[in-house]
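The following pair of complexes shares a single chain, subunit A, combined with subunit B in the former and subunit C in the latter.
Moving on to the complex of A and B:
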């Protein structure tokens, strides 16, 4: 059963009760919260995800709740907990939905060592996965949202899950996180994009989440094969330039973008080596999103 | 300095080499460090990843791949390179008992 088939009342009731259980990529999540914005966030962005019954195994028990009764009235805050433990400082109450996304990122990155987790967006077309590793500000999420709006399959906006067992990339098609100017850029580029509420004044500025395409969510259990590894760099006013990068240098660069490379040791190195073997590697500089999308669409033919 | 010695990858199989074109990446499983190697170093590790070699054997191999300027002292350069790799724990140098 899809989450969007439930009424708002049912979702709010589940969140306030034993928690709403739903599938996110290969992970099962239980979320409890009395914060109304969280229910709105799920309704607008997680509609295509499967709701789970009480018998389902849950990977991550999470909650978003105000820290104390006093804080409901004076500079209200919200806390994220995992398995009943608090790992982060509370954030302003209005940032609850963004805190859910960040908290779930942390849960997955900290506990899923069956994957080498690369800080990278990954999208797929014609059976070829294009991986865009990047530091904040590199423009990877903007590129990802733009490509997805033109029919590319979303595998993940934030974390590329590379299996250390079979070398495949496993989907985690969660909402795409856009920051600051990228929000307007994508709204102009793809006016049909469904975006949740904009959360302002976070540590990263304004945050907007884009709803993942339903067909990407439906293919959450279909892995993909890596074809291109592209290091993007948004550079205002620059031409669209794609430059080959040697495989050795690409490997070194991508190690800097992994969450758990050191945890995995040789398995991590070996997985990355195999990924590099299978991929053409590039550096990419751009400022024109339309040109970028056309170039990658051409490359995927 | 190493002319009578045998140069090899460490016996504990902690060094893993991946070769692409004219570069290679070396992973040290003991430290987790990754090293990007190019130029003459690639040929050194190409040889050592198949078998141990003396400095002379390495030099012969390298001379078959590279062309040097007439005044370039390849032997000293190789000697220094091996010393650097030894410091990084990427190679071991032992006495060549068969010499």
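Moving on to the complex of A and C:
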């Protein structure tokens, strides 16, 4: 049963009670929260995900609650907890929904060493997965949102899950996180994009989350094969330039963008080598999203 | 909160085969309890050695495999760290006695499997301490604790110097000259431990003798004030006892040694609670011989709660109180009142004025 088929009252009730259990990509999450913005966040962005019953195995028990009732009126805060343990300092109450996304990122990145986890957006068209590793300012999420708005399948915006067992990329089609100016850029580029409420004044500035397409969510258990590894760089006013990158340089560059390369050791190196052998590698400079999307769509033919 | 009952984790640690009877939500709870007790990788190892890994539900297996990948990486780092310490102390011609996790690892004890920890603990003769510290600092370790009060406190009263941290690798080493603080009421003679230690390489690496390794684990756990990893430490004792029980005269040596080192009470607790919580096979005669004049009704009420996983599903309404009382007990055992009161006043004051964060 899809989350959006539940009434708001049911969702709020579950969040305030034993927790709302739902499926996010290959992970089952249980979330408890009395924060109204969290219910809104789920309703607007997670509607296409399946709700789970009590018999399901839950991977991550999470909660977002204010640290103390006393602070409800004076600089209110919210805490993220993972199965009763607090790993982070609290954030301002208004950032609860962003904190859920960051907290869940952390849960997955810290407990899923069956995957080599690359800090990269990954989208798919015609059976080919395009991986865009992201350094700050690279514009990976903007590119990802733009491609997805033109019918590409969203595999993941934040973390590329490369299985060390079969070399496939496993989908994690969660909301795409856009920062600051990218929010307006995508709203102009694809006015139909569904976005949750904008969270302002976070450490990363303003954050807006884009709802993943229903099709991408529905294919959450269909892995994809890597085809292209592209290091994007947004450069104001530049032409659209795609330059081939040697496999050895690509390997070095991508290791810097992994969350758990050091944990995986040989397995990590082998997985990355296989990924790079199977992919064409490029550096990409752009400022015009339309041109970028057209170029990649052609490349995926 | 639920009433106190055997956690699923203990059931499976006692008999891994019983894991096959679990339904998915019981697996979910097992994984959570194991993670909160820092026993997830060890659980994986025990299931693997029982040949059960391929019969696990995929969801549970993923968490276990992930923990095992992490543990495998940890062993490589640990091996490297030990070799760096060995190298740094090589020229001193002093035996380097590894303690606890590093010792289990180098000895190839089953208790090393899935045991993840952050510090390497070593024991050196007290008169060699300045030279050892000097050699480690020359090799890149630095002291963490810069507060002069803490420095003085460690050096005057503790069984170790302030922890050292490596500048580049950020790894920690605790250099001990004894295994309990000097202020503890029953304070063992470190020379007896050193004299009984065993060389495990052709080089300068030594570990405590099997019975001393058990006693050290017992001393540590039953002087401890925080039990977040209590079940992990109890599981270490369980695995060590099972492994050593096949050695000739092990139980006799263990009992005798507890007298020599004045550690009869920690041994009594170790045998009692590993038998009660993890059903460690201990001969009845040994359990009887280890008995001490202790109010077991009270201590059972405390330890049978505090030694369970630090997870909401394992707590009852008395668990919090039990942990707090044991915390106070630990200070009482390790420090006489005339030292403890000024120490706690000072620490509280510094915390209030914000000079200390822990």
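The definition used in the following text is that the second predicted complex is superposed on the first by the 301 of 301 C-alpha atoms of A that agree within 3 Å, B and C clash if a C-alpha of one lies under 4 Å from a C-alpha of the other, contacts with A are read in each partner's own complex, and residues count from 1 in each chain.
Here is the rule we go by: contacts are C-beta pairs under 8 Å (C-beta built on N, C-alpha and C of every residue); 3 or more make two chains touch, one makes a residue touch a chain.
Predicted, not measured: the structure shown is a model, and the values here were computed from it.
Participant: State whether A:54 touches subunit B only (first), subunit C only (second), both chains, or neither.
Facilitator: A:54 contacts subunit C only, not subunit B.
Participant: Looking at A:269 after the superposition, I want to know if it touches subunit B, subunit C, both of them or none. Which is it: first, second, both, neither?
Facilitator: Touch partner of A:269: subunit B, not subunit C.
Participant: Mind working out whether A:181 is in touch with subunit B, subunit C, both or neither, as first, second, both or neither?
Facilitator: Neither partner.
Participant: Touching A:83, do we find subunit B (first), subunit C (second), both, or neither?
Facilitator: second
Participant: Just checking: does A:248 make contact with subunit B only, subunit C only, both, or neither of them? Give me first, second, both or neither.
Facilitator: first
Participant: Of the two partners subunit B and subunit C, indicate the one touching more residues belonging to subunit A.
Facilitator: C
Participant: Who does A:8 touch here: subunit B (first), subunit C (second), both, or neither?
Facilitator: In the superposition, A:8 contacts neither subunit B nor subunit C.
Participant: State which residues of subunit A lie in both footprints, the one left by subunit B and the one left by subunit C.
Facilitator: Touching subunit B in the first complex and subunit C in the second, residues 262, 265 of subunit A appear in both lists.
Participant: Which of the residues in subunit C come into contact with subunit A in the complex?
Facilitator: By the definition above, subunit C touches subunit A via 23-25, 27-28, 32, 35-36, 57, 59-60, 62-63, 65-67, 69-70, 72-73, 76, 311-312.
Participant: Under the touch definition given earlier, write down the residues of subunit A that touch subunit B in their complex.
Facilitator: Going by the criterion above, the answer is residues 246-249, 251-252, 255, 262, 265-266, 269-270, 273, 276.
Participant: Spell out the residues on subunit B that touch subunit A in their complex, using ranges where they run on.
Facilitator: 16, 18, 20-21, 23-25, 27, 29, 32, 34, 36, 38
Participant: How about subunit A: which of its residues touch subunit C in the complex?
Facilitator: It is residues 28, 54-59, 61, 83-85, 111-114, 262-265, 267 of subunit A that touch subunit C.
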